[in-house]
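Each structure below is given as structure tokens.
Here subunit A shows up in two complexes: once beside subunit B, once beside subunit C.
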Partner chain A sequence: MADMTLEMVQASQAGMKALGAAIAVGATGIATGIAEMSIGSAAVGATAENKDIFGLALLFVVIPETIVIFGLVVALLLLF
Partner chain B sequence: MAEKRTGLVPYEYVCTRLRVRKSKLLAREDYLRMLNMSIPEITRFIEETQYKKEIDELGTSFSGIDLLEIALSWNLAKEYQNIQKIAPGDLKRFTQSYLRRWDIQNVLTILRGKAQKIKSGKIKEILIPAGELDRVLLDRLLKEESPERVVEALKGYTMYPVLSKWLESAIAEGSFAHMENALYRQFYSDLIEEAMSGFKGGRNYLDYIMLEIDMINIRNMFRLRADRIQQDAREMAIPGGTFGVDEFQRLVNREDHNEFIDAVKSRIKLRPLLDMLETLRQEKSLRETEIELIKFQIKEMESMSKRNPFSIHPILTYLEKKKYEIINLRALARGKESNLPTERIRGFLVI
Partner chain C sequence: MFTPEDMSKVLVVAPKDQIEAVVKKLYSLNLFHIEDYVEQEEEGYEGYRIGMPLPHGSDTSRELLKLRAVTNAIAVQADDVSQKERIASSRLRSRIEQDLPSVEEEVESLLNRRSRLEAEAKEIEQVIETLSPFANVAVDLDLLRGYDNLAVFAGYINAKPDLDVPHEVLTASSKSGNLLILWVSAGYRNEAERALLDAQFQAVPIPDESGMAQDRVHYYKGKLSDVEKEIEGVNHALDSLKEKHQGFLVACDELLSTDAEMAEAPLRFATTDNAFLAEGWIPGKDVHTFIEGMSVATGGRAFATELAIDMEKDVIPVEYDNTSFAKPTEFLMDIYSRPKYTEIDPTLMVSIIFPIFFGLILGDVAYGLLVLALALGLRKVITGDEGQMLLKILRNAGISSIIFGFLFSEFLGFGIPGIEPLLPNRHLSIGHGGGHGPAVPELMMMTVWIGILHITLGRIFGIVNHARQDHGKHRTLAVLANVGWLLVMYGILIAILSMFALPLMPDLTGWPAVMAGLTMPAFIGLGMLIVGVLFIVRDSALEIVELPTILSHVLSYARIVGVGLSSVAIAGVVNLIAIGMLIEPQLEHLTAFGVVIIIVGAVVFIIGHILNTILGMLGGGLQSMRLHYVEFFTKFYKGGGKKYDPFGMIKKFSED
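Presenting the complex of A and B:
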């Protein structure tokens, strides 16, 4: 480790940042998917019975999108 | 196990669908409004709800009370068949087994009709093909000439052994009551067996079946006590719930009403049921008592389906509430047909 040059350290830091950003987006994406799975199927069920609530049901389905947006924000903060 | 595991998601789909359907059932206010309407007005009123398709279809062939009755039966059968189609995995299995009660009702209706030589067309009007025996099979049974031939045609079905065992005595006595009791006892023991056979969600199913058995036993005890019949009540008891068969007989034979209520309460653990039984301490008419017990059962089912929102409970709650909607509408229509006073009809409604 002692014989690493400054360029190597900088490259390694950039790599770790990229990895962190990837985890932030990836993990929150999976979490959003899990959350939307249940809400989505319930929303489709409710809409199948009553078409008028499609707009409201869609709104509920996209609420977990906030999780992945937080992940994206964290990833952007890490990268830039 | 060959059963395909469908995971949690389809439960949410179907349970939400049925929850929405439940919210579309007629409200208490609707019944109160209908109490002041005539039969054609009631027909028009329900035509604007979930019964439009059936009433439009049957409107050309029937009118008045017949139109209403047949439309209600058709709607119930269609609704139950549809639920069997959309229920996923293990929930389908439980729903189908629960709906087998309609098979018992249909077969008994056919047997009674055949024994009394009623025309097939008349019997067909009151059948509700909501269980395992579909319209085609029921039509085939209706074509048979005698009760014996009807029972023979059911060879291979779960109810066949009980039917064949009791048929001879039923025909000799001219009453199918003992056969009916035996069929329901077998039905509930099959349900318990199915719930305990290790399928996912079986525990929830069992909880509900236990509640239903207890409520039926309590209702039957009140009925038998009101009739003051000194016969053997044991065959009326459905085993598997809180009350054993001998205990059922002892409770029915208790002389004092307060002692009877205390004895029933001592065996019950469900707190809301204890409170409800306390209200039955003052002697009410049998009809009022029965309606109170049914209302309690529906309320308890609602709370079970809230506690377990993605289980068999929301499905069963909807099935039962739909059944009572049909029963209410029928009581309303029949009451209006017989010119009963509004207050009297209201007493028959489960609202």
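Presenting the complex of A and C:
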């Protein structure tokens, strides 16, 4: 560690930031996917039974999207 | 504009002999939303029964059923017919009596002939199937059956059967296996059967034909093609019949449907021994014409009057009342839910804000032009009211994308030369390095502002809704609760601003600390927060759990930047691959192979940008809709209004 130059430290910091941003988007994306999985299948089933609730069903499905948006916000703030 | 069409409740009472005249008038007015009469035991409803259909009703229904059977069989659809001129009802009625039966008969006889021919074709196919195993057998089929003292077996077999009784064998191999024909004396039938069974014999039926099998197959194939030709002829005749009569048939369908609908209307009225009552809704502005029309149509024998509306009990049907600009957006509203009669109809706000959000997300001149071209080009292809509404929404979204494309200075992901972006920069430095990249903090703050303003608007609508709908103490509490939500939101904002200086926000950090390191704005913000929470709790303590949504809903508008930047990034990557990696290097030393690569690059460029436009349309449309449905509507909108569906029909093919 002792023989690291300043440039190397800066570069590794930038790399860590990029990794952090990637984890933020990736993990929240997976989480959103898992959450929307069961809501989505239930919503499609409910819409098949009664077409009128499509709007409400869509609303339920997109609620977990907020998670990945937060991930994206964090990632963008990390990078820029 | 912000309220649905004003509705009036009206009652029509007339003697029973006027029922037909009244129904006819109601139908032609196309204004009266019938409130179905339900038989009930309540006080004041004794003696009323549901009415009987008009006398010609069952005949009309039968006629309609027959007509539908014919139109279904030859696939006549009203949407495919473009009628230049409408047929007068009286002429149509006489044609229904004179011409319709002959047309129906003609179609039916053709249909019968076709099904007979199809059955015949099926039979012939079956015969060919039984004959086909014997196609390679060089023996007259007569020799395979009709014996008194011989048993004949025919079938596929793999090994030679082990048979020790006198017999005669003939084999013929074909693609489907080895055919074996075996003759034995009738007395040895059982032994032969056992031996064949041991050799895994699969019997096939012996055809009831004479002559060589091959010739017979040939003969039947000829016959089959004759029958098929005949079926084709019948289909052709049906097609030309359809071509000739479809305008007439859809007009008949329309007329008979209206007749049937009119005949069944009394089923929705209340009747006594000598009179009937029809209750329903009409737009307030039409009350006068309605009452007058009723009296004229019956020679003054029908009584129509406006009734008082009971806001608690009555379910008032809702008809939008919007300017023509906002009309298409009613489609987006109906997907969610039609507004209730008493609440604010936000269609106009949605019709303005939806394209703005869409434009902020897509924000590219070229993509905007593509969306606009798509919306205009599909106008002829997609018929139907809902499709047209959707295309108009798309058209507005496309125009908005072009405007925001100029504001962001973007064209297919490139900057527009000579135009500095007026809004925070979204250009990504993909491939070329350098450049200062997108102004993410400014973009974020921009979306936070959009969110705060959008939510404030929603809360103001909420205040108006509660002030209008609720009564007494609850009304004050509900209004204050909405004020409380606003106080909490702005309180948090001021408190944050007093500690951090953020771009695009007023700087409140410069104030001197008053107490415990906190400045004056911080105290104001905290005060607003506490008062706001108190207002909320007074209305409903459970709402406390919803407090974090203030933060999450405002930050949710960051999706405008997130989705927008991702579409810019995809555009940049497409440009890098197509131009930077494929086309540019080849242009330096042009070779024959290089030209191919350049063409590949052009294809990548075109497909990539088309895909990105589709993605952008989906993303831009869905995310903007979601921001309205989840973040905006939850602040004030309940929905669940009943659709105003007047009794009557706009005739397309016939006229009175």
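In this text, the second predicted complex is superposed on the first by the 80 of 80 C-alpha atoms of A that agree within 3 Å, B and C clash if a C-alpha of one lies under 4 Å from a C-alpha of the other, contacts with A are read in each partner's own complex, and residues count from 1 in each chain.
Keep this in mind: a residue touches a chain if its C-beta (ideal position, glycine included) is under 8 Å from a C-beta of that chain, and two chains touch if they have at least 3 such contacts.
Source: prediction; values computed, not measured.
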| item | value |
| --- | --- |
| Combined model on subunit A where subunit B meets subunit C, clash or fit | fit |
| Superposed model, angle subtended at subunit A by subunit C and subunit B (C-alpha, nearest 10 degrees) | 50 |
| Broader residue contact with subunit A after superposition on the shared chain, subunit B or subunit C | C |
| Partner chain(s) touched by A:27 [first = subunit B, second = subunit C, both, neither] | neither |
| Partner chain in contact with A:37 - subunit B first, subunit C second, else both or neither | first |
| Minimum Cα separation, subunit C to subunit B, after superposition on A (Å) | 5 |
| Common interface positions of subunit A, toward subunit B and toward subunit C | none |
| Complex contacts: residues of subunit B adjacent to subunit A | 8-10, 12-17, 19-21, 24 |
| Touch list for subunit A against partner subunit B, complex | 37-38, 41-46, 48-50 |
| Contact set on subunit A toward subunit C in their complex | 54-56, 58-59, 62-63, 65-66, 69-70, 72-73, 76-77, 79-80 |
| Complex interface listing, subunit C residues touching subunit A | 335-337, 437-441, 444, 552, 555-556, 558-559, 561-562, 565, 622, 625-626, 629-630 |
